[in-house]
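First subunit A sits with subunit B, and in the next complex the same chain sits with subunit C.
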Partner chain A sequence: MLFNSLDFAVFLPIVFVLYWFVTQRNLKIQNILILVSSYVFYGWWDYRFLALITFSTVIDYLIGLQLAKSEDQSKRKLLLWTSILVNIGFLGFFKYYNFFVDNFVEAFSFFGNEIQPNTLYIILPVGISFYTFQTLSYTIDIYKRKLKPTSDFVAFGAFVSFFPQLVAGPIERATNLLPQFYKKREFKYNNAVDGLRQILWGLFKKIVIADNCAYFVNTIFDNYTDYGASTLFLGAVFFAFQIYGDFSGYSDIAIGTSRLFGFNLKQNFAFPYFSRDIAEFWRRWHISLSTWFRDYVYIPLGGSRGSIWNQIRNVFIIFLVSGFWHGANWTFIVWGGLNALYFLPLLIIKRNRVHTNVVAEFKVFPNLKECFGMLFTFIITVIAWVFFRADSVSHATQYLSRIVDVSFFNIPEIRPTFLFVLIFIFILIEWAGRRQLYAIQTLWFRFPRIIRLFIYYLIAMTIFLYGGKEQEFIYFQF
Partner chain B sequence: MRLFFKKILIFLLAVLLVSFVTDYLISEGLRTSDRYAQGETYIWNQILEGDISEDIYIYGSSRAWVHFDPALIEDSLGMTAYNFGIDGHFFWFQHLRHKLLLKNNPKPKFILLSLDVFTLTKYEDIYALNINDDFYNSKQFSPFILNAEIRQYTSKYKGFSWLDYNLPLYRYYGKTEDLREAIRDKSRPFGDSNFRRKGYRAVGRTWTVDFEKAKSKMVHYEVIKHQPYVDLMNQFLKECRELDIKVIMIYSPEYIEGQEFVKNRVELMNTYTKISKTHQIPFLDYSRDSLCYDQSLFYNSQHLNAKGSKLFSEKLGNDLKEYIFDKSN
Partner chain C sequence: MKRFLLHIVLFLIILIVSGFIILCQADGHTDAFYTKFTTKKQNALIIGSSRAAQGIQPKVINNLISNLSIYNYAFSRVHTPYGKPYLSSIQKKLDPNTSNSIFLVEVNPWSISKQKGEELDSTYFEEQDSFLGKVKNPNSNPNLTYLLNYYNGRNVEILTKKGKNYHGETLFVHSDGWFEVKLKDSLERTTSRIKSTVKSYKNIRNEYEGKSNVRMAFLIKTIQFLHEHGSVYLIRLPVNDDMLQIENSLMPRFDSDIMELSRMLNTPYINLMPSRNNYEYTDGHHLNYESGQEVSKIIAELIKKEKL
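The block that comes next holds the complex of A and B.
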């Protein structure tokens, strides 16, 4: 069920009414409702996916209980590795099996040994990378004794499958989300209104910005040999806005929906395109994944401690693994590697934690240095996004090599004026709201109520009339 | 909670109200557009507004649309004419036009009913392969979807959903080009001021496809008659007789070598002959006319280009004199 579908527009009010009017007196029943709704939501794609998530839930629930009971370190390690192997095993099979087989076959044929590929027709369960990481964090945190396991299976099941963030995050930690299932949720008017506002903004990002960009991105990337350098660059810029609008839009809808039900999820995007360097960008982009890798991979590897070579190694590992997490294709690995290369100079000169505040925090406009920093960071990010979007590494390199051409200074062949205007307005709003959790959170609070309402109606109408052709959320494939 | 629901309800009601108003404004803007949906919307609007007052109505599909030049027919006959040919659609929607024409406008003296091999067929979704699940050029009906007859006829096809009919604005969802067209300054012509002249469309292009090559790839196919449409045509002719409207059935030229691909062509032609005999109306068959042998007069095997349609319309104008003046006077 897509957030921007009619199915969800019917599903959400039904669950909302049942949640606050029918089951609100009994926490257990309310959690059961969340669990059942989440399974309906997930099963809407393909009911067969439910078996996988149920299995994963049961395994980690049982392992969690055993981990807490046991004092024997070797047994605890065994339990932890069982959880890791089961979860990563599922992920590996469903997501990476064919990739590895294909690459083995290619490697063998390179050395003159022809072997028949034994690939399988595997449907990738939607959101498997997200809930797998969520359950893994649960067992790892229990293993590290940072968290007590839950004996409440319903609460745990609801935590794993919580429908607002099940298929594309934010990847929640058990330490944050699970305790919220133990407490009675109170309906708070301001939270609910704030949630709706965030949903509205998320829909705008997804339907107006991302889906409209997607149309031109697909045209340009699929026919890149027909266009000049300036159009190709524009295509890459459009993709930067598409992926941001798509993914952060999804996160906004997820967080907003959760707020309607009295839950608080973590912020997943913090205006990443206003970053002054790549390190800041990665603190602001897909925060829940970056912090997951930081806490469960980077720090256990030694993090920023140890020799500079160890630090460089750790940075590469984290970016390459993060790239691979996105998909079974070399393009994602190159994308991760490229970001590691961008990050490296900052690490070496120890300037990777310079920009920890909001850009132009107490000013309206940034200064020249900040402007240059943001522009430079955006451009190198756009270059990396070409690998992310391309079908293959050679597609990406050919695309990029065509950008380096005198035709870069020509007027692009594709000039969708309405999209330029929309993106410009979007950037202005995001800039004005960059100090908040999402751009329009309190942006127009100083205006009279009637003006505010007018703006919200305008956004709603723009979503309706300027909505691009419905596209699935990009991150569902990861 | 009560306050929240109250405010949500008010917000949604206001959204609904704004949607109604926006829907109305977009629909009004599109109704007067002479180019939207290939100019069909403009014609539907004229029909519904009662702006038609002609002696001769021309009905048919795209073949009527591009073959019958009303100006030349008017010159020959000294009567006014209007071409109501509707691209991509067969007798079902032609009949809808007829129904709405009679309901909102004075009845004509004559109807020229243009036929082709597909006139009596029914496709659930005629161009599904290239236009998603829509039926061809369905957007021509969007501004008029509240009209009962249009609703009744369009709902027989795949294309508009329940929500399109019942939720304001829904059918314009994501159709940015519709919005832009609706708010465009209509006093400024969009280029080709002769895009449709009294419904007629002159197509200037010539046939560039290598027919011999295309022929080798084409398969012979059978056109299935839809019996309810045969009945509907009979009903239509009966009603016209009762209203004293003279109908003349016309099969306009088709490129001769293209005719062989329809396996049951003879059967279809016999059906038209039978219908004309039953209702005792003239049937002018130009499918073997000398025009059919000259490829330079066509832009594809079914359609005459501007040069071909000029020759045909002049010839038809002359031929019609016999039927119109002898039998109507």
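The block that comes next holds the complex of A and C.
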């Protein structure tokens, strides 16, 4: 079920009413409602996916309990590895099996040995990369004794499958989300209104910005040989807005929906395109995934301790693994590697934690240095996004090589004025609201309520009037 | 909680009412099909593909045949090949009390062909998943089912695409269902458009297998159904030489098949293909405004003669 679909528009109010009016008095029943609704939400795509998430939930629930009981270190390790192998095994099979088979076949044929590939027709279960990481964090945290396991199977099942963030995150840690299932949730008017406001902004990002950009991105990327350099660059810039609008929009809707049910999820995007260097960008982009890799891969590898070579190795590992997490294609690995290369100079000169505050925090406009930093970071990010969007590495390299041309200074062949205007307004609002958890959180609070409502009405009508053709969320495929 | 629900319901009502008012502005400028689903049930119909939608002008025919108010209910090659969905839509569009009326059934090889890999049987047709199969009431104004599910543009265009000369060109569905297309024409533009259409149809040709017995059977059913309400005329509209060549490669025996059908069902066949070089086309297979007018006149005259 897509957030931007009529199905969800019917599903959400039904669950909301049942949640607050029918099941409110009994926490257990309320959690059962969340569990059942989440399974309905997930099964809406394909009921067969439910078997996988159920199995993953049962395994990690049982392993969690066993881990807490056992004091024997070798048994605990065995249990942890069982959880890792089961979860990564599912992920590996459904997401990467054909990739590895194809690449082995290619490698063999390179050495003159032709072998028949045995690829399978595998449907990638939506959101598997997200809930797999979520359950993994649960068992790892119990293993590290940072978390006590739950004996409440319903609460655990609801934590794994919680529908607002099930298919595209944010990837919540058990330490943050699971305890919220133990406590009675109370309806608070301000929280619910805040949730709705965040949903509205998420829908704007997705339907107005991302879906409209998607149309031009698809046209330009699919016919890149027909266009000049300036249009190709514009296509890449549009993709930067598409992926941001798409993914951060999804996160906003997920977080907002959770707030309607009395849950608080972590911020997943913190205005990444206002970053002054690539290190800041990665602290602000897909925060839940970056911190997951930081805590469960980077730090166990030694992190930023040890020799400079170890640090470089760790940075490369984390970016390459992160790239590969996004999809079974070399394009994602190259995208990860490119970001690692961007990051290295900052690491070597030890300037990777310079910008930890909000840009122009107490000012209206940024200074020249900040402008240059943001522009430079944005441009190198756009270049990397070309690999992320392209069908293959050669597609990306050809696309980029065509951008380096004198026609870069020509007027682009594609000039959607309405989209330029929408993106401009979008940037202004995001800039004005960059100190908040999401742009419009408190942006117009100084205005009288009626004016504020009118602005929300305008946003909603813009979604209705300018909504692009319904597209799936990009991150569903990851 | 009550306060929250009250506020949200009020806000939603305002939004829904605003949205509804905007959708009510949809008209013949909105797209090539919408208004055909907003008019009342009809008594006389022109059915077929986009060639008929653009090429046969009801106004011309209605002026020449007294007491006739024929409506153009033709769509496109993709949406209205002959099959169950189109027949069912025609049945809903036609006033059941109609008798002694006139029906023009435009035929061409595409409308009775099967696409490669298309699993046609008498119960499943690919076009049933398009608006043609899904719009259950083709006589409702506004038609929200169509606008909310099948309108491809952005809703703002419902408001902005007004006036006959949008971008200097006319794309407008009249109240009689005729889709008027007047493009910015110069010899150079037309030649290039024809070249590109022919090229694209060569590719489309490769997607088709040839004659489909299932579609042919539904063409017969459609004719038989219309016969219950009046006279039916099979019409083949002209196309240019290049397009005809492509069609001949798809179905070499098309004309003889249709003539056989015409004899079998006692339905006149008006084949305008032999005079194809007398007309002009916007893209090689859609008649331009003037030629469409001329062809509509010829059809009306032939029907009049036939009727006498």
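Miscellaneous remarks
Note that the second predicted complex is superposed on the first by the 478 of 478 C-alpha atoms of A that agree within 3 Å, B and C clash if a C-alpha of one lies under 4 Å from a C-alpha of the other, contacts with A are read in each partner's own complex, and residues count from 1 in each chain.
One rule holds for everything that comes next: a residue touches a chain if its C-beta (ideal position, glycine included) is under 8 Å from a C-beta of that chain, and two chains touch if they have at least 3 such contacts.
All values reported here derive from a predicted model rather than from experimental measurement.
Three-chain overlay on subunit A, with subunit B and subunit C in a clash. Judged by the touch definition given at the top, the superposed model places A:Val193 against both subunit B and subunit C.
Contact with both subunit B and subunit C is seen for A:Tyr466 once the two complexes are overlaid on the shared chain.
With both structures placed on the common chain, the touch criterion links A:Ile425 to neither subunit B nor subunit C. In the superposition on chain A, A:Trp20 makes contact with both subunit B and subunit C.
Residue contacts after overlaying the shared chain place A:Tyr457 against subunit B and subunit C alike. Common to the subunit B-facing and subunit C-facing surfaces of subunit A are residues 6, 20, 187, 189, 192-193, 196, 418, 453, 457, 460-461, 464-469.
For subunit B in complex with subunit A, the residues that touch the partner chain are 1, 3-4, 7-8, 11, 14-15, 18-19, 22, 163, 169, 172-176, 179-180. By the touch rule above, subunit A contacts subunit C in their complex via residues 6, 20, 187, 189, 192-193, 196, 212, 418, 453, 456-457, 460-461, 464-469.
For subunit A in complex with subunit B, the residues that touch the partner chain are 6, 20, 187, 189, 192-193, 196, 207, 211, 418, 453, 457, 460-461, 464-470. Interface residues of subunit C, counted against subunit A in their complex, comprise 1, 3-4, 7-8, 11, 14-15, 18-19, 22, 148, 152, 154-156, 159.
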